Amino acid sequence: MSLDKFQIAKRIAKELQDGFYVNLGIGIPTMVANYIPEGIKVVLQSENGLLGMGPFPEEGKEDADLINAGKQTITTLPGSAFFDSAMSFGMIRSGKVDLTVLGAMEVSENGDIANWKIPGKMVKGMGGAMDLVASAKNIIVAMMHTNPKGESKLLPACKLPLTGVKCVKKIVSDLAVMEVKDGAFHLLERAPGVSVEEIQSKTAGKLVIQGDIPEMEF
Amino acid sequence: MSLDKFQIAKRIAKELQDGFYVNLGIGIPTMVANYIPEGIKVVLQSENGLLGMGPFPEEGKEDADLINAGKQTITTLPGSAFFDSAMSFGMIRSGKVDLTVLGAMEVSENGDIANWKIPGKMVKGMGGAMDLVASAKNIIVAMMHTNPKGESKLLPACKLPLTGVKCVKKIVSDLAVMEVKDGAFHLLERAPGVSVEEIQSKTAGKLVIQGDIPEMEF
Amino acid sequence: MKKTFNNAEEATQDIKDGAVIMLGGFGLCGIPENCIAALVKTGVKELTCISNNAGVDDFGIGLLLKKHQLKKMIASYVGENSEFERQLLSGELEVELVPQGTLATRCMATGYGMPAIYTPAGVGTEVAEGKEIRNFNGKDYLLEYAFNSDFALVKAWKGDTDGNLLYRDTARNFNPLMAMAGKITIAEVEELVAPGELDPNNIHTPGIYVHRIFQGANYEKRIEQRTVNKKKEA
Amino acid sequence: MKKTFNNAEEATQDIKDGAVIMLGGFGLCGIPENCIAALVKTGVKELTCISNNAGVDDFGIGLLLKKHQLKKMIASYVGENSEFERQLLSGELEVELVPQGTLATRCMATGYGMPAIYTPAGVGTEVAEGKEIRNFNGKDYLLEYAFNSDFALVKAWKGDTDGNLLYRDTARNFNPLMAMAGKITIAEVEELVAPGELDPNNIHTPGIYVHRIFQGANYEKRIEQRTVNKKKEA
């Protein structure tokens, strides 16, 4: 059975390592924060100017001056630091953020990503996404394997305007975990009960299947 | 009679205007701070990271963490701010410092300045001088008109390695106040009792003398 | 050296039609509410606004949009604003979308006297179209230019009459960068104090960058996405 | 995530011969005294040091010079040190002089992920020799590259165990810039506290830039030019 959003977030959380500084995009990526493995410390960076982001505030304790990059009210954890937007993207560009998790509309087999613009629709802007994908040393994409029409979002080449090129390292979809390298999606894990054949049929780009593909563990 | 160092500093202080942010170099320029006209507020920038530099501390109140660019112990005035060296030179480069006063070994008639290196002698380095002269919108040089051998330091072209090109706007020497523009030194004022002829004889570069040249007032 | 003004109307009265203005803030967080209200009042138009976002329909830069005071918007994200969308699609409004980090760094470049910066953001995308690309150490970068603006309108938490500013939490965002970048920088603060009352070690924007300052009134500080946890978390 | 070390010896023990290290400080103000002492102790040599100054004969980087541990010095001002002069003139030591603002901005460029910056400092002088010159808006600028260093050794006033740093007065200088620029950044602090004890609005160097931190001991904080006023000034 394919994963739901929470399970995707939970699986991505397994990629976290002790001491990681992590930037989580809007949507599923944000939920990764709820599944940080016990015993490790991960510091969340919010690109509007905060290291050490904490959970949403208790009701009544919202503070208009304290929001995340999704404009949601948040809190800080001990050891947090505020800074301006230039320093924030400075630390992103210089590779100090260990892991970036973000959503995508399309990913290509060479690691290109499209997630900011659909021609003919209102363009809202790229926000910080282009900076993040151009600079992060480790990018994991959280996405559905197919769009609502059932078409694969893992393509030989992106059709939508790109956000960045050759940057995605790993994809966790509702069906599979894949590594992106050498111009192909390399299947690492299947969602519980999902067959290699189903994954293959829903992957338009080149999919490399080597040996037995284990089911994901959480 | 030619001016002494204190008088040069005093004459330069007349150039200060209310609200000016000023960077004073080592030597005579530092002494300008002692003659700030009454009724105006001038904020001193020290390029090691301070706005709002105050006088030397009282004896016993020296603080190793609080020095100026000449490495002298200093104090701060109310409204001061500390910052790092990049921001310090950032504000210098972006023209936020209204006036820079510094010493010179040579100045040329087109405004080039040499004040950091004598070939064959130990080179101590340019410190912040090259940044200052390349960026300041208003540079006044405080200097002796001639060197100890009696040779003019106001030249058609500098002989020593340059610190910066076409940057000096005004010179206050022990003999005269001159504006540097259009490839010449323009004589504005004489030191009390010093003749135009003496100034001319000690100025190797092109000197423009137009109309009556008044004596300096302090 | 008098930098203090009584209110936003006085501090912004020489902002004329066609001016290029920077506005601090991220979403509705840390925006110069009083300055925006003053511009709405004067009705100055044909403005080019540089700001990370364009406000919402009835707050922030959205108030200027509603009165058709904007000619052009330079921003990284302009969602959450239906009037913006309408004006853009009808051709009333120009928009230039800039990656957020590029926007921030181009402001900083101005304040730091750097004419341009190199950034990898946008390489290989339509943002790179017409731009100079240069390879350093095997990686491509775009050359992006420092911004030129007539005025920067910023919002700080505390400020002193010498113009030193201190921001609070994530309301800092673009404010210190734009404060450094304005030909004339106008700062509104929640609390204006005398020089010496702020710790010189904790100044975020040194006064040299700030030309005008006033204590703002009636801050609404609207929250865009109110998210809460019902139960207490550790 | 353990960033804390017991002392300078432990924090610096993997600095090997030939390493490129940045050292914070301006003159003797804000220098990493404990780290320097540890390097003197280990005797690591062939170091390339990037630092605004080279210390004095018997303090700061001068201590490393005295033991012939330096191959090259990159600095803006190297006066006040006769041993430095001797080694330079005898050819034992290489030196590269860099304008102070260029030095600072090249450090910042590294920490901000910018491969190079443009600065007008040095145009028309021997500093410009062999460098690329580019004109922007009628003014010439030099292209100067970001620094690559193996280690950055910085000194802060206070720090927490997550690596957040706070500097005091003009002891800030190059420290935050180098802290951002080190592949491995080692911070020594006068007072090491638990996370949460420093105000998150007043952090000068966020912990993400700091890999190792320890509380230094026996700070001498030597004054280079003791200047005082005899009588009390207003």
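Letters A, B, C and D mark the chains as written, and numbering starts fresh at 1 in each.
Just so we're on the same page, a residue touches a chain if its C-beta (ideal position, glycine included) is under 8 Å from a C-beta of that chain, and two chains touch if they have at least 3 such contacts.
All figures in this text were calculated on a predicted structure; none of them were measured in a lab.
Among the other chains, which touch chain B and chain C together?
Common contact partners of chain B and chain C, which must touch each of the two, are D.
Moving only to chains each one touches, count the minimum steps from chain A until you reach chain B.
Graph distance in the chain contact network comes out at 2.
Looking at CA centres, what chain is most distant from chain A?
Farthest by centroid: B.
Would you kindly tell me how far, in whole Å, the mean C-alpha position of chain D lies from that of chain C?
33
So how far apart, in whole Å, are chain A and chain C when each is placed at the average of its C-alpha atoms?
Distance between chain centres, rounded to whole Å: 28 Å.
Measuring from the mean C-alpha position of chain A to the mean C-alpha position of chain D, what distance in angstrom results?
Taking the average C-alpha coordinate of chain A and of chain D, the gap between them is 36 Å.
Considering chain A alone, which of its residues make contact with at least two other chains?
Residues 76, 82-83, 86, 89-90, 92-93, 135 of chain A each touch two or more of the other chains.
Where in chain D do residues touch two or more of the other chains?
105, 112-114, 119-120, 167-169, 172, 200-201
Which two-chain combinations qualify as touching?
Every pair of chains meeting the touch criterion: A-C, A-D, B-C, B-D, C-D.
Quick check: in the complex, which residue numbers of chain C touch chain D?
The contact residues of chain C facing chain D are 105, 112-120, 136-137, 139, 141, 145, 166-169, 172, 199-202.
Could you pull out which chain B residues touch chain D in their complex?
Listed in rising order, the residues of chain B that touch chain D are 46-50, 54-74, 76, 82-86, 88-90, 92-93, 112, 122-131, 134-135, 161-166.
Quick one: which bits of chain A touch chain D in the complex? Just the residue numbers, please.
Result: residues 18-19, 21, 40-41, 43, 45, 51-52, 76-83, 86-87, 89-97, 135 of chain A touch chain D.
Which of the residues in chain C come into contact with chain A in the complex?
Counting only chain C, the residues touching chain A are 26-30, 52, 75-79, 85, 88-89, 97, 99-105, 107-108, 119-127, 157, 167-177, 204, 221-233.
Can you check the complex and tell me which residues of chain C touch chain B?
Residues 1-2, 110-114, 160-162, 164, 180, 194-196, 200-201, 203, 206-209 of chain C touch chain B in their complex.
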